[in-house]
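As written, the chains take the letters A, B, C and D, and residue 1 is the first residue of each chain.
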Amino acid sequence: MPSVSERLVTPGRAAGGVALVAFAAVALAYPSIAPNPYLLSVGIVVLNYAVLSTSWNFVGGFTGYISLGHGALAGLGAYGTGLLVTKGGLPSFGALVVAALLVAALAVPIGYAALRVRGASFVIVSIALVLVTLLVFQSWASFTGGSRGLNVPRPFPGMLRPEHHRVFFYLFLALLAVALLVWWLIDRSRFGLGLKAIREDEDKAEALGTPTFAYKLVVFVVSAFFTGLAGGLYALWFGDLDPIFQFSILTGSYMVLMALLGGVRNLFGPLVGALVVGVALEYFKVEFGNTPLHLVATGVLLALVVLFMPDGVLPALGSLLRRLDRTTDSSIREVTAAELAAQRIGGEQHAQSRNG
Amino acid sequence: MTIRTTKRTRWATAVGATLALALGACGGDEPEQASTDDPIVVGISLPLTGDFSEPGKGVQRGYEAWAKITNDKGGLLGRQIELKVLDDQSNADRVVADYEQLIGSDQVDIVVGPFSTRLVVPAARVAEEYGMLFVEPAGAAAEVFQQGFKNLFYAAPAVASDHYNHLAEYLLALPAGQKPTTVAYAAMDDPFAQGTAYGLKAKLEAGGVRTVVDEVYPPNTTDFSSIAAKIATSKADMVVGGSQYQDGVNLIVALQQLNYQPKLAAFSTAPTSPEFAAAIGNKTEGILSPTGYTQDAPYESNKEFVEKYTAQFGSPPEEDEANAYTTGQVVAAAITAVGCAEQGDCQKKLVDWVRANKVETVVGPLSWDETGKPQGAHMIQQWVGGEIKIVLPADAKETDVVYPKPAW
Amino acid sequence: MRSLETVELTKAFGGNVVLDKTTVSFRHGKVNALIGPNGSGKTTFFNCVTGMIRPDSGRVLYGGADITRRAPHAIARAGIGRTFQLCRVFPRMTVLDNVLAAARPANLFRGARGRAEVDRARGWLTKLGIEHLAGAEARNLSWGQQKLLELAGVLMSEPETVLLDEPAGGVNPALLDRIGGLVRELNAEGRTFVIVEHNMDLVMSISDHIVVFDRGRPIAEGPPAAIRSDERVLGAYLGV
Amino acid sequence: MPSGALLFQSVILGLLLGGLYALLAAGLTLYFGIMRVVMIAHSAFLILAAYLAWWSHTELGVDPLLSMVVTVPLFFAAGVLLQRLLLARLRPVTLTMMSVLLTFAIAVVIEGLLGYVFSGTQRRIQLGYGSASLELFGARIAVVKLIAFGLAAVALLSLYLVMKKTAFGWALRATIQHRDAARLVGIDTDRVAGFGFGLGLATAAIGGTALSLDTTIYPSLHWHWIGPLMAIIVVGGLGSVPGAAAAAMVLGLAQSLLQIELGTTWAQTVFYIALFLTLAVRPQGFFGGRLAQRF
C-alpha cells in the first residue's frame, strides 16, 4: 500500500514545482521588466519582507513559537551592519556577515531566557526585545546616533539609483533562495522532525528524549542569523536607519501576518504571504494614500487569519488539490475509516475532545 | 502655442493673463516645449499621519496657499501649479519610497522638501541621486548640511543652532549681577529641537554661564516629572527647552507642578503655537521663544501671504505654513528666472540659479552658502501681558525683554 | 542491574500534599503495577520520576544513579520511556513520522527518513498492527490506534524501562488483550514495565509485582495473589 | 550623589507611578490566570479609555473622572464579549500563541481607529488644577497625580475585596487555580472566565482615566505601557495578582530612583532587565505565582 511519504509526485507537488519555476523566472526577469525604478524599489521591499518572514518561520513554523519581536533582530542586523561600517571601518558586506553573526550570538542569551519556559514567556520576551532595543538605540545616542538616525554608506558609491536597485534586488533574491534552501534542509532532517514534534506536543517530545530546549535554541539562533542578514542587507540598500522604524513592533507583526497568511507549515508559505501583504501594502498606499486605517486593516486581517484560517492559504489550496486527486488519497482514508469502524468503542469521545 | 491647446477648461479664465506673463518671463530664452500646456507638478511627501502629523498638515496648508496664490496670478511660465502630496506617516522608509514614486513613477517636474529634519536627509538623498533641485522647509539641523548635498537649500532664515543667537548676545551683555549664572537644559533627541537648545548652550558656556542640568529625552517621552524634578531641585537661574510642541507643554506643566520659578524660561516651537496658552492654563508669563516668522513681518510678499492665507483657511499662517510658502517662493523664483520646470538638465540650471542669487520671501531676503545653509538668525519672542511679542533683536522689537521673568 | 527506585519523594501543590515521602522500588526485568484510588498520586509520581514535575524533596534513583533533577529528555535517554494518561501523539504528523520522531539520531542534519530508521519504525508499527496506517495523519486515527501509536513511539526510543499510564483506559476488550499480550512479550525480551492501571483484570493477569498507593504513600506491595487478599488495599479503595 | 530633596521627591513620584502600574498589571495578570492569555490589547484599551476621558472633557466639558460612569461598564461588557466571542473560539492546544496574536490584532485595530478618529496628534487634558500641587516635607505632589494614585488604590482595593469576599471572587480564584476542578465542583467556568475578563478590562478603564489626567496621550502610546506591564507580571509571577501589585510598586520605585542618575529612557530599561533576569534565574517569578513554571 502506498504511503504519503513515498509518493514523490502528487498534483500538489507538481503545482508547487510549476509555481516555483514560474516565480523564479518572473523574479529574475523583474528588474528588466519593471517600468520604473520606483516599482523596482517596491520589489525590493517585498523581497525583504519575504526574507524576513521566511527567517521568522524557522521558529514560528517549526516549533510553533510565535515571535512578535523579530523586528528587533532585523533592526539589530541593520544597526550592526551600519555601525560596523561607519565605526568599525569594515567593508560593507563583511560588516553584513559579522553583524548577522553577532545577532545570532546575541540570540543565545535571549533564547536562554525566553525558551526555557513555555510560550507565554517567549511572546513576552519577544515583545520586550523590541521595546528594549528601541530604548537602547534611542538613548545611546553617542554610539548609535539616537533619534537622529544612522547613515550607512552605500556599498557601491557612485552607482546610479536605478542600477543600485537592480543590484540589491538580486542580492535580496539570492538571500531569499539561501533562506528557503536552509529551511527546506531542516524540514527534511531529523532535527526538523524533532522541531515539528515540539510544535505538536512539547511535553511528549521531551518525554521521548528530544532535548527540546536545545532544539528550540538552535533554531532560534538560525532564525536570528537570517533575520539579521535581511536587516543588514536592508541597511546597505536603504542607507538611513532610525530606531523608531528599525525596532518596530509592526515589522515583527507583518512577518507573523505574512507567514500565517501563507501558511507556516509550508516552505513557500511566508513567501506567498509576503507577496500578498507586501504588494497590498504598497498598492493601498499608492491608491488611497495612507491613513491609520492601514493599521486597522492589518489588525482585522490578522484576526481573521487567526480565527478562521490558522493554517494559511497554501494548505487551503493544498486540500483543494487533494480533493481533485481522489485516487491515491482516498485509498488511505478508506482503510482508516474501516479501522475506525472496527475500533470505534469507548475512548472515542476522548479522541474527539482532543482533536476538537 | 495657441490658446486653444494650452489650457484645460477649468482654468480657461486665467489663460490670457497667464500667457502674457509666461511670455514675459521667458523672454528671449529657448522656445517653450510642448509641455507648456501641462501644469507644473510639484511632488511633496508630508507626514499627514504619525508623530509629525500636526506640523505636517501646517506645511501642507502652506504649500496649498502658495499654489493657490500663484495660480490665481496665472501660475509659473504660463503653467498652473499642481501639487501632488503623499503621506509618509512620519516614517523614513516611506519618505524615501514616496520621493522614489514621485520622481520615478509619477514623473513630477519639481520636488520640494518634507517636514522634520529626520525625514529631510533620506528624502534629500533620493532627490540628489536623481539630480533634482531640493528646496526644503524643515531641515534646520547641522547634519543636514554635512551630508555633502549639492542640490539642497533650506528655505528659512537660520539653522537650528543659530535660533537663539540674539538671546545669547543679550544675556551675555547683561551686567555681572544680573546675568544668569546657572542654566538647566532639557532637549528632545531630535536634530532640530536639540540643535536649538545646544546652540544656545554652546554660546552661554563660552560666555562663562554654568550648565547645571543637561537632559536629552527621546521624542516619545510623555512623563516629564523626573526631568522636572531634577531641574527644580537644581534651582537653575534659567531653563532652556529644546522642544517641539507637546513635550514643551508637558515639561512646563511638570515644572509648574513643582513650583519652580526661574528668572528666564526659553522653549523652542511650543510657545509660538496658538494653542499654547490654553494648554498650560494661561500661565505663560515671560516665556521666551525664537521664531523665524511673524505675521507682522514687514516684507512685501508677507502682507499678501497673510491676507490671502487667512481668506483661504480662516486663520492667519504660523511658522510651518510660512516655511512651506517660503519654499514655494524660492522654487518659483528659480523657475521664473531659468524658464523651465521639468526633470533633466533643467534641474541643474535651477540649482545653479538658487545657489547664486538672493530671494525675497515672507521671512525676508534669503541666500545660501555652499552647503545650502541659510545665512541669518531668528527673532526672539516673549509672552508679555498674555500676548507673544517680538523682543529681540532691538531693531525689530515690539516691546522690551522682561527680565527676570515674573512667576508663572 | 538497572532498577528504578525513589527515596522519600515529596510533592505538594499549594497546601495539597500529593506525594508524601514516597519510598518505592520496582523489580527490574519484571512487570510492575502501580495501583491506588483516584487522586492517590500515581500520575504525579510518574511525572516526578520522568522529570516532568520537579519534586519538592526526595530522590529518584535509576540503576543507582540519582536522576532527580535531570531534564525529562535526559531521563528518557537514560532508558526510561513513558506514555501519558490521556494518550498523546503528534496529531498533525504522519504515523510513520510519529515513530521516527522518537529515534535517537546520530547525525541530526541527515535526512529524517534514513533507511535504517524507517525499517525499525515500520517494524514497530507492524508489531503493533498499524503498519498500514503509516502514511495517515495521527489525528485521523481512532483512540485505540492512537494508543498503539503512542506505544510504538515509546518503543522506538529503545527504553529499558517503560512506564505506562493507564494503557487500558478507554480501549475495547479485544485491544485490551492485545496490549496485555504485548506487555508480556516485550517483558520477555527483557524490558521492565511499570504500569498505572485501574483495570484490575489486566493488572492481575500481567503483573509480577504490585505496589498500592494511598494518599501519596505506598501502603502495600507484593505479588498479585498477596495484594488481592490485603485488607489495607481494600480499605484504601473503599475508604474504610 | 543626588540631594536628599531630589531623592525624596523621586520616592514619592515612584510610589505614585507604582500605584498605577499595580492596578494595570493586576488586570493583565488576571487574564493570564484565568485563561493563560497574554492580553496584549490591555494597554490599548487603557489608551482608549484615556481618549474617551479626554474627549468627554474636551467635547462635552465634563470632568474626565465622570467619563468612568460610562467607560467602566462599557469596558466590562467589552471584556465579557471579547472572552466569550473571540478567545473562547480558539483551539485550546494553541490558545496561548493564537490569543497573543488575536489580542495583538485588537490592539492594532484600536490604535488605528484612534489615529483615524482623533489623528496622531498628542493630546492632553487641560484641567484647571493641572499644575496645582501640595507640599509634603519639601517635596511637591501634583494634585492630578494624587487623584490618579487614589483612583488606582481604590480600584485595586475593590478588586481585592471582590476576589476575596464575594462568591464570584471565590469562583474566579478556583477557576484560576484549577479550571477542571472548578468545573467539577459546579462552577460555570466559561461564565466566570468571561466576567473575569470584564473585570480586567474595567481596571483598564479606570487606569486610562487616571492616566489621562496627567499625561499626554497618542494612539501608539500603548506600546510604552504594555512592555513594563508584561515585565511586572512576569517578575510578580504570572497569574498572581498580589505578586503583580508588589512587583509594580518595587519596579515603579526603582524606575523613579534610577531616573535621577540615568535619565528617563535608560531608567525604563529596569523593567526589561528585571524581566530577563527573572526568566533566566527564577521563571516562576519572585512574588508567588506557581503557574509560571509551565508557561
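Here is the rule we use: contacts are C-beta pairs under 8 Å (C-beta built on N, C-alpha and C of every residue); 3 or more make two chains touch, one makes a residue touch a chain.
These numbers were taken from a predicted model, which means no experiment stands behind them.
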{"item": "Greatest separation from subunit C - chain, by CA centre", "value": "B"}
{"item": "Comparison of A-D and A-B by number of C-beta pairs in contact, larger one", "value": "A-D"}
{"item": "Euclidean distance of C-alpha centroids - subunit A vs subunit D, Å", "value": "31"}
{"item": "Where subunit A and subunit B are represented by their mean Cα positions, the distance between them in whole Å", "value": "42"}
{"item": "Distance from the mean Cα position of subunit D to that of subunit C, given in whole angstrom", "value": "44"}
{"item": "Intercentroid distance (Cα basis), subunit C paired with subunit B, Å", "value": "76"}
{"item": "Shared interface positions of subunit B, touching two or more other chains", "value": "49, 51, 216, 218, 220"}
{"item": "Shared-contact residues (touching 2 or more other chains) in subunit C", "value": "none"}
{"item": "Junction residues of subunit A - those touching two or more other chains", "value": "135, 138-139, 291-292"}
{"item": "Parts of subunit A lying in touch with subunit B, wherever the complex brings them together", "value": "36-39, 41-42, 45, 135, 138-139, 141, 146-149, 151, 160-162, 238-240, 242, 244-245, 282, 285-286, 289-292"}
{"item": "Subunit D residues within the subunit B interface of the complex", "value": "3, 5-6, 9-10, 13, 17, 115, 119-122, 124, 126-128, 130-133, 140, 142, 145, 215-217, 220-221, 224, 256, 259-260, 263-265, 267"}
{"item": "Footprint of subunit A on subunit C - complex, ascending", "value": "50, 52, 71-74, 76-77, 81-82, 84, 86-94, 96-97, 100-105, 107-114, 132-136, 139-147, 153-154, 157, 169-172, 175"}
{"item": "Touch list for subunit A against partner subunit D, complex", "value": "64-66, 68, 109-110, 112-114, 116-121, 123-125, 127-128, 131-132, 135-136, 138-139, 249-250, 253, 256, 260, 291-300, 302-303, 306-307, 310"}
{"item": "Contact set on subunit D toward subunit A in their complex", "value": "32, 36, 38, 40, 86, 89-91, 94, 96-98, 100-102, 104-109, 111-116, 120, 219, 223-224, 226-227, 230-231, 234, 238, 263, 265-266, 268-269, 271-272, 275-276, 279-280, 283, 292-295"}
